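Note that the chains take the letters A, B, C, D, E and F in the order they are written out, and that residue 1 is the start of every chain.
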């Protein structure tokens, strides 16, 4: 199994609903350093899993829709607690949509969000 | 599949039995930077895999039992070569014990110990 | 010259005033991974620049006043564009205040805020 | 499942064939920071997955065959587009060959090449 | 004293002249992860040392002139042993040229090139 | 001003004398990831501050004298509280001794010991 990973980041404000979140129920924010990993059983004729430049552009485009925003006001996330786990899933799903036909050759996608030097969350899905 | 990872560290002395360890048969020590990853197929009603604050507390509590000690003198590790691999298993098992009921919703646990900038070991187990 | 550095982090929301900030004029947020470096010409009788446990507590206390908050609403920062540079200065000054007598033995203090994997800012001051 | 990871690096020149590579079709180069992960279901009598010193030596020996060279001129890579994915496979296969008997106790091997702070590729194989 | 640091990278081929370089006298290559640090005594009316977006663009533009190339064939580097130290100086000087008027408000510039996880070089100059 | 930095590590046991150290008064241990930075105003005829291969060998040799040992039993450190600060000084002084004539061309040396992902100490000296 092969994989390729590209990294980018986004900077957002948000708040959480639920006592479990303690002080994070207040409006606060985060830098999420995002790793997107594309997995495939085999390489194409060029010897690659994905066009890494295109993968980086796709990740940048997905993060640009969220970055420099208050996620509490984003209609596309309405009703969602925008935890690191949920955001990993949202970003993975949006990346999968952008891959389109290119994704058919791939086996899976993992998105990891690093919220600090001591915490991160991931979501892995098939393609 | 979702996962959440928290990081902490411990500082210990120990020695190894066995010629394969060369100079590490002498009493020496290590900082282990420890990543604990909790895996689950789905998120709970709050949108999380685990309460990340509780996970960090659990990891801290498990490491506090070992840190600032000579592991050669720890009765709970008697007879064990405290290699990075064995310590990863010990920490994973102790974390699983602490999770108790919370662990029943989870699928697995991975503990990775970074012993330097060039070496690490992991243990992965079901919950 | 000796120095000791401790690391912690904070997660905040804020917005900037000024066209130079582009999309960051919108309410957004950041994780700041903060390094505080304490400098001294000589070591004390214990062989240390500062009590590293106390330094870590001081840094944690200073960051706790800011973390999980919208800095736009913090009266202590009123009128300030809370850029990474300005926050580095605010944190350094608050750390210096907390050091009190302990700071008199030191020569200087550097605070560095990492806002992502590709950007950071620092402020250095005498003590 | 246990694993042990060792890290080393190599510095090479190369060029790619194929329009998808854009400016990387020109002769250029890369530092690859290489992580080799050895996986096993159980530990041996010494409490280890592999002799980590031997694993580091094996990795060093494999990388020494490639480092400080122009890969376009390496007969052992003739006809290969030496993408990060392909090099991960080549290094994993050469490591597997070196493991010989030691490898029979292991379940698998993952080789990850970090080509920058924002991109990497991996290859995973059974042993 | 304030500072702001931005990070980017370049991927180049080159070779060295001189016995001290051993195997690096052969054509090989490197990824240089480049940190550019801009230093100033005071902040401007917006509360910043430099426009960080402009600084990142300037760094990207300087690195684009060198990246995906064989530096042995670059006329602008003719006669230069393109060591990590020399490249740090070249990049710092080209960044200083691009800063133009903006640089007059600054005190200095540091450029650090990380050539692997275990080696780097820096050049610091006034502005 | 130019500088070159090389990284290596050592793994040691030790204990501290003094109430300020709390639980670290017990025998424990640490991995120290060590950065040695060599500074010079100008480059030599080869375009380098120091022979980086020789610098890495020197650092390795200095660390080999300390690694895989209990520092409490090292006669060369008798009477010393082997804090991170003191060890940074010891390593810097031993590196300066090894540099010998080569050091005369240099302006200074900085040694930084990272004891975990959240703490480090440095010592800087002239040459």
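Everything below uses one rule, namely that a residue touches a chain if its C-beta (ideal position, glycine included) is under 8 Å from a C-beta of that chain, and two chains touch if they have at least 3 such contacts.
Keep in mind it's a predicted model, so treat the numbers as computed, not measured.
Undergrad: Along the graph of touching chains, what's the shortest path length in steps from chain B to chain C?
TA: The fewest steps needed to get from chain B to chain C is 2.
Undergrad: Could you tell me which of D-E, A-C or E-F has an interface matching C-E, in the sense that over half of the contact pairs are shared by residue number?
TA: Repeat of the C-E interface: E-F.
Undergrad: Since chain C and chain F are copies that touch, just let me know if over half of their interface numbering is common to both, same, or not, different.
TA: Shared-number fraction below one half, so different.
Undergrad: If you tally the C-beta contacts, which comes out ahead, A-C or B-D?
TA: A-C
Undergrad: Write the angle of the rotation needed to overlay chain E on chain F, where the fit uses Cα atoms and the result is rounded to the nearest 5°.
TA: Result for this pair is 120 degrees.
Undergrad: Provide the C-alpha centroid distance between chain B and chain E, rounded to the nearest whole angstrom.
TA: Centres of chain B and chain E (C-alpha means) sit 40 Å apart.
Undergrad: Measuring from the mean C-alpha position of chain B to the mean C-alpha position of chain F, what distance in angstrom results?
TA: 29
Undergrad: Two or more other chains in contact with one residue: find those residues in chain A.
TA: Chain A, residues with two or more chain partners: 7, 117-118.
Undergrad: So in the complex, which bits of chain B are touching chain F?
TA: Within the complex, chain B touches chain F at residues 7, 9, 11-14, 23-24, 26-33, 67-70, 115-118.
Undergrad: Which chain C residues qualify as touching chain E in the complex?
TA: So the residues of chain C touching chain E come out as 16-18, 20-22, 80-86, 88-89, 117-124.
Undergrad: Can you list the residues on chain A that touch chain D in the complex?
TA: Residues 1-8, 43, 45-49, 51-53, 56 of chain A touch chain D in their complex.
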